[in-house]
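Shared between the two complexes below is chain A, which pairs with chain B and chain C, respectively.
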Partner chain A sequence: MKKQLSPWVNRSLYILILLVVWEATARYSGVSPLVLPPVSGVFKVLFSSLLDGSLAANTLLSLGLIAAGLGIGSTLGILLAVGAARWKPARDLVDTLLLIFHPLPGIALFPLVILWFGVGYFSIVILIVHSVLWPMVTNLLSGFESLPEIYRMVGTNYQLKPAAFSFYILLPGSFPQFIAGFKIGWARAWRALISAEMIFGAAGGLGGLGWFIFKRRVFMDTPGIFAGLIVIIVIGMLVEDLIFTAVEKRTVLRWGMKS
Partner chain B sequence: MKTLLEAKSLAVSFSSGAGSRRIFSGIDLTLKEGGFLSILGPSGCGKTTLLKILAGFHHADSGTVTHGGKTVTGPEKQRLMIFQDFQQLFPWMTVLKNTAFPLRFSGLPRPRREALAADYLERVGMAEHLASYPHELSGGMKQRVALARALVTRPDILLMDEPFAGLDAPARKNLRALVTNLWSDLGLSVIFVTHDIEEALVLSETLLLFSRGTAKDYPLELPRPRDESSEAFRNLREDLYSEISSLRG
Partner chain C sequence: MRNKSLLLILFSLFTLIPGGCQKEKSEDTEIVIAEQFGLAYAPLQVLKETGALKDAPEGTRVRWVRTANATAIREAMAAGRMDIGFMGIPPFLIGADRGMDWKVFGGLSRSPLGLVTNLPELRTLQDFAPHHRIALPQPGSIQHILLSMAAERILGDPQVLDGLLVTLSHPDGMNALLSATEVSAHFTAPPYLMKELNAPQGHLLLSGEEAFGGPFTFIIGVTSAASAKKVEPFLPFLMKKIDEACVFLNENPEEAAKMLAPSYNLPEEELLTLLTAEGTRYGTEVLGLNRFIEFMHAAGYLEQPLSAEDLQYRP
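Now for the complex of A and B:
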């Protein structure tokens, strides 16, 4: 059997080319290092700010916030979707809420959230929950609707109670859509988080990756800006490639539920 | 033997826009304890609809179904259906977990549930596949697991809806032998829907011919083990063929 090369072989090559082009441009084109610092300089700042704790602490803060928001958002999403699946009036309510909130960008809610809850971690978590909740509910509902009728019949034949049916059949049967909803939610939440940190950091001195980048600009620390961006990119890659891929391998791919 | 399930003058029609079309009417049937009743008829004659009414998934327009003397109003775990659809197993559970699933609500501890499930999986010849997922199995293997899952709670009645119809001939033959053995070893009571005359003759104790909206009992006196090449078997098969042709008119 031919062994498949990891996509990372090709990706690493292109990343390397990009870095070389960047370094060459920074060094030989005469562009001011304030606009485009050399890669070497960026990595120096990256390591020093990871070592002195300023970048590491802000990264951990951001990850903590997004974990809390994703956790709360997907739990609420599951509750809303299961409620809507079980009870017709709840379904109508959830449909209406989706109609209103699903298209509403989280960033549009900033002023209102600040007005209502002030500048603080609670407000950031609310914005993340908003980013995750609606795509999660939409995807779960479509998963419930595409659940094969035969699983329902098996559940009915065993006289499962509604809660047992939801937990053992409806939710696992919709796991591919749950993951899809979670991925969309993660992408939206990550954007909302970085923007929120920039705005809330400026207003209330809270930390986070967004604030880290924003502060570097104030000090004209361009290598610092790039260092923050690299951390954001690396986290995005790790989540997509390590976490999501690993979860899919152990679940929907293992179960033959994803073509 | 005591009567386990009884249906009296069942009638069903489908209403579609302008008028209603009768599917069948005046159906009576009886399943005794330890019996094996096959419902034999061509595709699209309403056999599956009838079986789903016996299971409680559908309601007849008129007539009654009683199970153990009690009127059937909906599906119950004492009357389990095994479907034709190979996808009746849960893809997110291994073969063992699928089979142990119905016991989850029995109050038995997990090791006990899984031991029981493994025991039934061995009976259906799936002992080597406990850790497989359904998508890794062939159609015949999936139906074997479905059989084990249905047996693990020892329901009063198994309702089998052409479970082997989608399989090739050798697999069907093996599964017929398996069902016959399980039926006699475990003392099962089965209602089996099929359009396959040989299948009905190999498996059944009693036979209900289903055609053109009505049903007719067909006497079946054939010793076991059933030998498809014996003269008695071949005569009965010929007779059954002509009976079915005459019913079709």
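Now for the complex of A and C:
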């Protein structure tokens, strides 16, 4: 039990130290509060924006966009990767697409996305899909390649049809890479989301966390900027600890694919 | 082991602390001046082209920095990395309201501004529906405040159009408007204003002066109290040179167009029409400071009742 608790204890300790150093710097170093506001001021803004609902609504909107982008991106990624694994011409196509799009930062696509799809939620989802899709495909393909020969043989032995082979052998066999791809996609999705929201602004008064932070910035509300950042950090921690860890525990760890 | 890693973390934290306490000491005083891109900054471009600041007071060196928006200048000045900046009145007031100790030392230009649309169904602000989008440089910019002023007068609520805002730089905003996607109107400045008005169906929904209810200064020069000592011997010199550049631009626009055409990357004739466009006027007087303060305070963009008097630079 003690072993289970200790990462949390250590982490909380480090966070506490960080907060103390922050507060002390803000108070005693003579730095303007416009540059580094004290922790207390930040939490005051955080709570008041949580209470008036503005932060919660924007956070939900952002999470919804991320969910949509991650869902579409990973589904497309699975389809592309499985297709490429099963059919040589598709493999060449996917390799070419990866070569073209994988290194392309979403931000570089902004001007085109604005021209073609405008500045609505749809464009934000497109940018998230772009940032999720390619790392997903890359990871899945490398997972398929490292699939032990014996798994393939089992599939052949059972005379599995291509679809069943993909579903029962290929995908579960490369689940660790899928999770790794999903984690990269999740981190990249946030980057795409926040930058897109900062640029695209509010639709119907709501613009997500990126717009929340951006608005605080242009009105020089530095504690508000930190409040937005804290929300992103907390969501990141919760998802990593609760969702990713739980999924890994239930799948790859139990299957003995990762220790 | 535990102690060592703790020390390492603390150490890295301290190196990250902003403050810029260690300013490089050299013989010369370096004065950092921040500006933005656009025709409204033409007097500064004239100073650069003519090298007018070369004979600055002994021991002063000028470094020009160009930023994409006023927010960047404000942040850099708050951090003590810039001494003089040029921006619209509202971003300056927002900074002063949030506690920045900085002052206006003079104006730079007046400029035609306007809200342009290419949708025939949009004739006045009353025609905006929830599916429309208005592009402008950013909330809190002079364009946003002017829109807010008009919204209050025409629609009765300064914030009623805020839900339609999209933040786009002037060129991106123009592209978005002309490409007929969601952006239905664009609050912009020359030369984008003229280009959009000349595009098919382009028409003016609202001009800056209509929104404001009179003439106002578009760009002002600002200096922070933290740099006061440094800029004090330099500022009168700079103001005199800006004044001369403004007179030159107003009185010899042909010559000015010829000089500035390469740096604005525009044909000479086009630049000349822009420099002499109605509403464009270069000069160091500051118009409209009080009206901006009153409105922004009443509409909730400013929390404190600022006084225009206190915001003026006094050597």
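A few points about this structure:
Basically, the second predicted complex is superposed on the first by the 248 of 259 C-alpha atoms of A that agree within 3 Å, B and C clash if a C-alpha of one lies under 4 Å from a C-alpha of the other, contacts with A are read in each partner's own complex, and residues count from 1 in each chain.
Here is the rule we go by: a contact is a pair of C-beta atoms (placed from the backbone, for glycine too) under 8 Å apart; a residue touches a chain by one contact, two chains touch by 3 or more.
If you're wondering where the values come from, they're calculated on a predicted model, not measured in any experiment.
The superposed arrangement places chain B and chain C next to each other on chain A without a clash. Number of chain A residues touched is higher for C, counting chain B against chain C.
When the shared chain is aligned, chain B comes close enough to touch A:Pro172, but chain C does not. Remark: in the superposition on chain A the angle formed at chain A by the CA centres of chain B and chain C amounts to 160 degrees, rounded in steps of 10. Legend: residue contacts after superposition of the two complexes on their common chain; A:Tyr28 is shown touching neither chain B nor chain C. Contact with chain C, but none with chain B, is seen for A:Arg217 once the two complexes are overlaid on the shared chain. In the superposition on chain A, A:Leu18 contacts chain C only, with no contact to chain B. Minimum Cα separation between chain B and chain C in the superposed model: 35 Å. Residue ranges on chain C touching chain A, taken from their complex, read 6, 9-10, 13-14, 17-19, 71, 74, 78-79, 91, 94-95, 98-100, 130, 133, 135, 138-141, 162-168, 172, 175-176, 179, 181-183, 301.
By the touch rule above, chain B contacts chain A in their complex via residues 55, 57, 74-77, 79-81, 83, 85, 87-88, 90-92, 101-102, 104-105, 133-136. Put simply, chain A touches chain C in their complex at residues 14, 17-18, 21, 25, 29-36, 111, 114-120, 198-205, 214-215, 217-221.
Against chain B, in their complex, chain A makes its touches with residues 148, 150-151, 153-154, 156-160, 164, 168-169, 172-173, 175, 251, 254-257.
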